[in-house]
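Each of the next two complexes has chain A plus one other chain: chain B in the first, chain C in the second.
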Partner chain A sequence: MTNLDFTTLLPYINLLPAAIAITLQVGLGGFILAIVLAIVVGSLRTRKLNWAVHLVLTAYVEFFRGTPLLVQLFVVYYGLPSFGIRIEPMIAAIVTMGLNSGAYLSEVVRASILSVDRGQYEAAAMLGYNSLQTISQIILPQALRIAVPTFMNGFSSIIKETSLISVLPVVELTKLGNQIYAKTYHPFEIYITMAIIYFVMTYSVTFLAKWLERRLSVWVN
Partner chain B sequence: MKRFKLLVMALVVVLSAFALAGCGSSDQKAGDATNTGSTDASLQTVLDRGVLRVGMCPEYPPFESINENNEIVGFDPSLAAAIGKEWGVEVECINTPWEGLIAGLNNGDYDVIMSAMSPEEATAATKAVELSENYYELADVIVVRADNTDIKSKEDLAGKIVGVQDACSAAQAAEDLPNQGIKVAKLNHYTRNAEAYAELANGRIDALVVSLTYANEQAKNNPGYKVINDPLHNVGIAVVAKEGSVALINKINETVNKLKANGTYDEIAVQWLAAD
Partner chain C sequence: MGELIKISNLSKSFADTKVLQSLDMRVNSGEVVAIIGPSGSGKSTLVRCIAGLEPVSGDEILLDGEAVVNTASTHGKVGMVFQNFNLFPHFTVGENIIKPLKTVLKMKVDIATEKAKTLLDKVHILDKFDQYPNSLSGGQKQRLAIARALAMEPEIIIFDEPTSSLDPKLAHEVFETISDLAKEGQTMLIVTHQINAIRRFATRVVFLNKGKIEVEGTPDYIFNQADNQILQQFLKQVDFADI
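And now, the complex of A and B:
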């Protein structure tokens, strides 16, 4: 077994904050986009829709769920310019992460909405709520409470999946790791350090999720 | 049922659009070439901008790697800087993953690639590129663990497990071994040379194929490896530009020759590539 020598990393430590910042920007940006998409697409998909809208939404969800994120990143950044669509690497990363994660999370939103009791709709209709009021004031607040733990799950995945954007010319944590590795030839020290950083980032989200769940569930107990 | 058919159709359309995007790059370049064929503005664009943008993957010391200040340093950046100095333009090295280099070039992210790329590597990706004269020759050699005694030449690779970095000249050389009558037991492809080295250290592979300069650099840092100096083949490395950038490539050839004549090139080569 190789002897671990973390001191080889010391000269490169000052490069970490910028890479972590990029990882967080892509992770957070992608996550916010994913939430918005998930709520819109997820709630739309629980309703009877115009067939064209239905088709577009289904194609979106199935395409982004059914193909590898790595391929999507490649296509969005390196493929779309063939059609005259040129996107900055950071934007391409955030949009692709958001679209990908949004497709998964929209199904969570859909499932959460379906889990809200039928009686809630009937009661809302009884009280004279129109359909937009029913969904925004009665159904979504209940559905999203159910969705929160899975959303936070999604956030952990998205943070870790940002490692895939190392195929774009963006120096995030994983790519920085690869480049330090290429220079120092100490893979274990570097990847262990990176794993710890990813873990700290995702684990702190767990605390946020617990707090959020407690807050949103106050009225239940 | 009708809806289902429509859904399938839509998926086929979307997927084929993306599939086209994959190979679309070559169509697009063909278009570009016809556009730029008559009026080749490649050189003038760079001079007007005052910046020569060079794409490289800094995971290949001593040709290019990052230093503690996150600057890309090595033979290629220094040579690019010398070229820029001759032209009176700034040189910007753009940190790009190896697998994205050609795509990024087509994308217009940079003007040229200088990333220890051989003409074979570039044209394997796409024929639609302009290549400079080779500005350096390097040999792909075999590296084994220091305690290995049974591999002394490329013929000894027969029956051994060999590792290479994907999509590079060393991989091409290793893939060509069966044509020379040398049947390796298994050829493992890795994303980066560094991974092949880790595998060699772990004992999962018996040997790896890599360029002599990289092998020497590595052997200098780690006595656990031994370089077998029986080159599988020699490859040149060239500056790669988009198809149609003839003026740019001609000017680069001219400048590199000038740098070779006035000794600047040798200084840079000694600084980065002197193997000892």
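And now, the complex of A and C:
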């Protein structure tokens, strides 16, 4: 067994904040985009739609759930320029992560909406709510309360999956690890340090999730 | 007393089961009509059709002369109190009344809040204003549901088995509230099994059997005079089981 020497990392420590910032930007950006997509797509998919819209939404959800995120990143960043569509690597990363996670979370939103009691729709209708008011003010708030734990899990997943964007010209945590490794040849020290940083981020999300659930459970039956 | 609801030749089926069979019925303003009958006689279906919650094809049901085909067509005129309360759990007790006033009637918040407080005081749960419905007893939940329906000032309030999920003490509280409304002249349609409670304030009792009105009349007539065989048998059973 080799002797561990973490001091070899010290000269590179000033590069960490920027890499962490990139990871968080992509993670948070992707998550926010995913939430918006999930709510819109998930809500729409609980309704009777015209066949073309239904087809597009189903294709989106199934395609992004049925293909690897890594391949999706390649298609968006390296593939689309063939059609003249060039996207900044950061934007490509956020959009792809958002689309990917949004596809999964939209199914969570759909299931949560379907789990809200029929009586809530009937009560709202009798009070004179129209269907947009019913979904936005009565149904979604209750459905999203049900979806929160899964959403926060999704946030953790996105943070971990940002390591895949190291295949793009973006220096996030994993890419930085690779670069330091190429210079120092101390893989264990480098990658375990990166792993711990990822863990601190995802574990913070777990705490945030618990806090959020406690706050939202005030009115749960 | 003007005619508020006119039902002519209403039939309703679910799959192969005929639930309502060419039923005719009238309700005038100010009436308190109790609908009784065995399980499966079509009581709930009848009131749900009147509320617009069950699709009706043509103009079998007229409310103020206009056809009821869905909830949009009853909008504002019919209030509904459900067996399972159907309160909005994510709104506080006060918000359950304020939010619909704001959203549907575009009422200003301070006016809506005043109105909510008056109504909650009327049903004796003003002290619960800032709590969530999950902290209320069943009887309090149902009284909140009544206050919420009243807030919209509907021409008629429909009660679909309002006390079936409550124990006798809580059911009594709810009937007290309904009785108060009857004294104020609120038009109501009440589906219930609790015939003892409705004796006191119903102006008319309708006995439904197999999707048809078997017999109807004043409470005194229905409970003491009518010699309809099926009604007699039903009353005997309900009396035995009366809760």
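We adopt the following convention: the second predicted complex is superposed on the first by the 220 of 221 C-alpha atoms of A that agree within 3 Å, B and C clash if a C-alpha of one lies under 4 Å from a C-alpha of the other, contacts with A are read in each partner's own complex, and residues count from 1 in each chain.
By our rule, contacts are C-beta pairs under 8 Å (C-beta built on N, C-alpha and C of every residue); 3 or more make two chains touch, one makes a residue touch a chain.
All of these numbers come straight from a predicted model, not from anything done at the bench.
Partners chain B and chain C, once the complexes are superposed on chain A, both fit on it without clashing.
When the two complexes are overlaid on their common chain A, residue A:78 makes contact with chain B while staying clear of chain C. Of the two partner chains, chain B is the only one touched by A:171; chain C is not.
Of the two partner chains, chain C is the only one that A:117 touches; chain B does not reach it. Looking at the shared chain after the overlay, A:179 reaches chain B, while chain C stays out of its contact range.
Comparing chain B with chain C, the partner in contact with more residues of chain A is B.
Touch criterion not met for A:21: it reaches neither chain B nor chain C. For the combined arrangement built by superposing the two complexes, chain A sits at the apex of an angle of 160 degrees to chain B and chain C, based on C-alpha centres and given in steps of 10. Of the two partner chains, chain C is the only one touched by A:129; chain B is not. Distance between chain B and chain C in the overlay is 24 Å (nearest C-alpha pair, rounded to whole angstrom).
Touching of chain A by both chain B and chain C, each in its own complex, is seen for no residue at all. Listed in rising order, the residues of chain A touching chain B in the complex are 2, 11-12, 14-15, 18, 51, 54-56, 58-59, 62-63, 74-75, 77-83, 86, 166-169, 171, 175, 178-183, 185, 187. Contact residues of chain C toward chain A in the complex are 51-53, 71, 74-76, 78-80, 82, 84, 86-91, 99-100, 103-105, 132-134, 148-149, 152.
Of all residues in chain B, those touching chain A in their complex are 3, 6-7, 10-11, 14-15, 18, 20-22, 24-25, 27-28, 58-61, 65-70, 94-97, 99-100, 103-104, 106-109, 192-195, 197-198, 201, 218, 221-222. On the side of chain A, the complex with chain C involves touching residues 117, 119-120, 122-123, 125-129, 133, 137-138, 141-142, 145, 218-221.
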